[in-house]
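Multiple structures are listed underneath, in structure tokens.
Two complexes, one shared chain (chain A), two partners (chain B, chain C).
What follows is the complex of A and B.
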């Protein structure tokens, strides 16, 4: 366990170094996450004449502020890396390393998350304090729940996208599926609007599909919309999805590598 | 090359115009021929275009599940805006994106010198030599949605309204082109301009809705600073009959200023361009 931590520490430190070289791109990518702000800008004038579906103007700000934060803290782009590495043969080099390639990819994402955490956590706290009407349930227990839910959301998004990216071993158009996934995630995960406000049948679907746990669930926790029982039940579902996704990843990875060496060498 | 003459002067004469239209035909024929080798792309792109459009409609319907009108616009009126949004996405992806991509590559590798020695205006060549035909599906899908929305609204625009609509779409085309030309020009100074395109798209998302749904200050920004209002909202008002003539004049003025300004910027960049090796 300790040796693993040590390995991850080294990999992540290296990844931070690499990412700092692309500072300008990084800032632009972060600025590009305006979508939640645009959606908020549509709701706010609507909420002026009274709450919309139970959401006041302050609730909308609270929701989209965390929606923005969730997108930053769970940002995943590994499918594009996989696509590039499979196509250009960089996967060969990665396979020769004395460590599973997935750890290499994850370390880059962790480095990115550390930097985003440092940049956006103070920003979110300041906005939450300054804007009137933004209310979160700030107890140590609830924040712990939130952090666990965010890590769960990241894990689910990461392994879904990793598995979709691995399909690149078989199809050259695998990235199209990542786009489809992204759109379903925004719609059913609460990226466009809080899922409580979706019209039927979209709303029912949103509570059945896994996308809710990739964005909406942690926000619901912070906004105090869930009872402790509902939160614990949610964690059980997240755990179930993670087990399933890990299984899919393992399956695709072992098959994919065999397929890859078959035509790569 | 022709830094002394502006593009507008050169393209303005009729014989020059015919020459440039012929060139466009040749450029696009080659692009299409090259793309026909990847026919699977057509299916996936067509699928994605339709999927995006349905997704956009679902997104708009969330807001209309709570209110009958937003910003004074009804559901089907907003669908016209969404149709224009899809059309302009298609236009940008079909005509502008492939050119900015190859421009970035050319500047990075130093092959942009070959563009400069060609006996054709460099801005014209760099802006239009490549085309991604498959993305034209977005334009068709968007036009289809506009037609459907008009049918549902039971609105039959008059000839004048159609005329105003097409004039405004033309103005919008010029504005959108100027944005992309400015981004292309940036590639002379910054290497990773593809990120700028992403940044532009993230603001363009605001064009999914008519600008009147936003608060006062944001509406002002989207009209005067980043004139996205003229891409989708204003042409849509022409079809539903709520166009203010002053907006048309204002849009025309913005388009002309941008066209002139970006052209000067391009010429300035060309003059200070010193190839990749130095």
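What follows is the complex of A and C.
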């Protein structure tokens, strides 16, 4: 365990170093995630004359503020890294190390998350305090629930995209699937509109599909829309999805590497 | 079973590749009716390498050298046959194995491009689980042997090619591997740097009794480091033995250079051997090995000699001859065998 902490510490330290080399592009890239703000601008005028589907203007601000935060804290781009490494043979260099390459990839994302956490957490807190009508349930227990749900959301997004990226071992255009995934994620995860406001049958679907847990679920927790039982049930579902996604990752990785080493790069 | 650290038997790596004719119609044809052909990148190679040996792996581009090294380092699964390195089956990529070997490719790098090399070293220390004292000791040694001191804190992207290669080697050796696969470690480097890298590999081999397989296009690397060479061509093993014997077998001649003290008029120079060059007062003969001393004494007594030297022909020429002979043999074979061989 300790040795793993040590390895992750070393990898992540290196990754933060790389990120700091590109600090300007990093900040621009982070701030370019303005989609939630655009969606907020769409909803606000509609909520001016009264709540829309139970959402007041303040609720919309609260929702899209956290939507923005969720996008930051669960940002994943590993499919592009995998695509590059598979096609350019950089995967070989990673395979020579006595550590599974996924840890190397995760360390880069972890470094990014540390930077974003430092940058955006104070920002979100300040906006939440300043803008009237933004109400979150700020109890230690609820914040703990929120943090667990965010980590769950990140894990689900990361392993989904990692597995999609691994398809690059077989198809040179696996990245198209990442775009398809992204559309579904925006629609059923609550990126376009809160899923409570989706028309049927999309709404029912959104509660069945896994995308809700990648964005909407933690927001629902912070906005006090869920009972403790609903939250715990949600965690059980997240755990189930993570087990499934880990299984898919293991399956694709083992076969992908066999494929890769059969045909070479 | 042999106790040699590297044991390769009947190793084969065949690829299915498809050819595409140029242009849109070619793309269409390749989409509808894809024609595959088999490329035998490595075709039934066997050898053993003992602990502490440095073996030169020679062959033209596409001979199967890199493919073999990739199989030995676990990056490629063999089509058939087996390889065992330090008792491990490489392609299972066991961490215990990866911690004892290294593969350095002159054309690929592991150093993090945007950071100083020392950062990669620290990451490697952690993932190879190198204890602090051993890391410090090894880093000191490598710094001394490779003159790394002024380089360690410079961003890798600001290093010259040669400086980067030195750091690559250090990164690859921090964990004190017992087996080194070096795939053209001197490619693109100037002569001084080539010499340095070469001396370093020799020194590492002596200090740690490491087993080394080295590929290079620079014969100087091979002649300086390797007593034994393995020659491959089109995936087949052409020769495995000492470098001296290879010269003797393939080039059964010695090169005799004579500086004359007076211009030659009317002498029949070809009586002494095949005249390669006769320009002014200097002459070069190719003389059969068995007759070298006899011919030399005749030259000394019959010609006005100022200076005479006897050498082996350059190893480049010897190797070139091996490949020429191999190509001829292949032509003979291909008349009753339609199999294709090619790049790998």
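The definition used in the following text is that the second predicted complex is superposed on the first by the 264 of 265 C-alpha atoms of A that agree within 3 Å, B and C clash if a C-alpha of one lies under 4 Å from a C-alpha of the other, contacts with A are read in each partner's own complex, and residues count from 1 in each chain.
The rule is short, and it goes like this: a contact is a pair of C-beta atoms (placed from the backbone, for glycine too) under 8 Å apart; a residue touches a chain by one contact, two chains touch by 3 or more.
Note that this is a predicted model, so its numbers are computed, not measured.
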Q: Consider chain A as the common anchor and indicate whether chain B and chain C clash or fit when overlaid.
A: fit
(Q) For A:170 in the superposed arrangement: first (chain B), second (chain C), both or neither? (A) neither
Q.
Just checking: does A:93 make contact with chain B only, chain C only, both, or neither of them? Give me first, second, both or neither.
A. second
Q. Of the two partner chains, chain B (first) and chain C (second), which one does A:11 touch, if any: first, second, both, or neither?
A. second
Q) Which partner does A:29 contact after superposing on A: first (chain B), second (chain C), both, neither? A) first
Q.
Quick one: is A:117 in contact with chain B, with chain C, with both, or with neither? Answer first, second, both or neither.
A. neither
Q. Closest pair of CA atoms, one in chain B and one in chain C, after superposing: how far apart in Å?
A. 5
Q) So which bits of chain A does chain B touch that chain C touches too? A) 22
Q. For chain B, which residues are in contact with chain A within the complex?
A. 40-41, 44, 47-48, 51-52, 55, 58-59, 61-63, 65-67, 70-71, 190, 192, 195-196, 198-199, 201-203, 205-206, 208-209, 213-215, 218
Q) Which residues of chain A touch chain C in the complex? A) 3, 6-7, 9-11, 13-14, 17-18, 21-22, 89-90, 92-93, 95-99, 258, 261-264
Q.
Give the list of chain A residues in touch with chain B in this complex.
A. 22, 24-25, 28-29, 31-35, 38, 41-46, 52-53, 172-173, 176, 179-180, 183, 187, 192-193, 197-199, 202
Q: Enumerate the contact residues on chain C facing chain A in the complex.
A: 15, 67, 70, 73-77, 91, 93, 95-96, 98-99, 102-103, 108-110, 112, 114-115, 119-120, 122-129
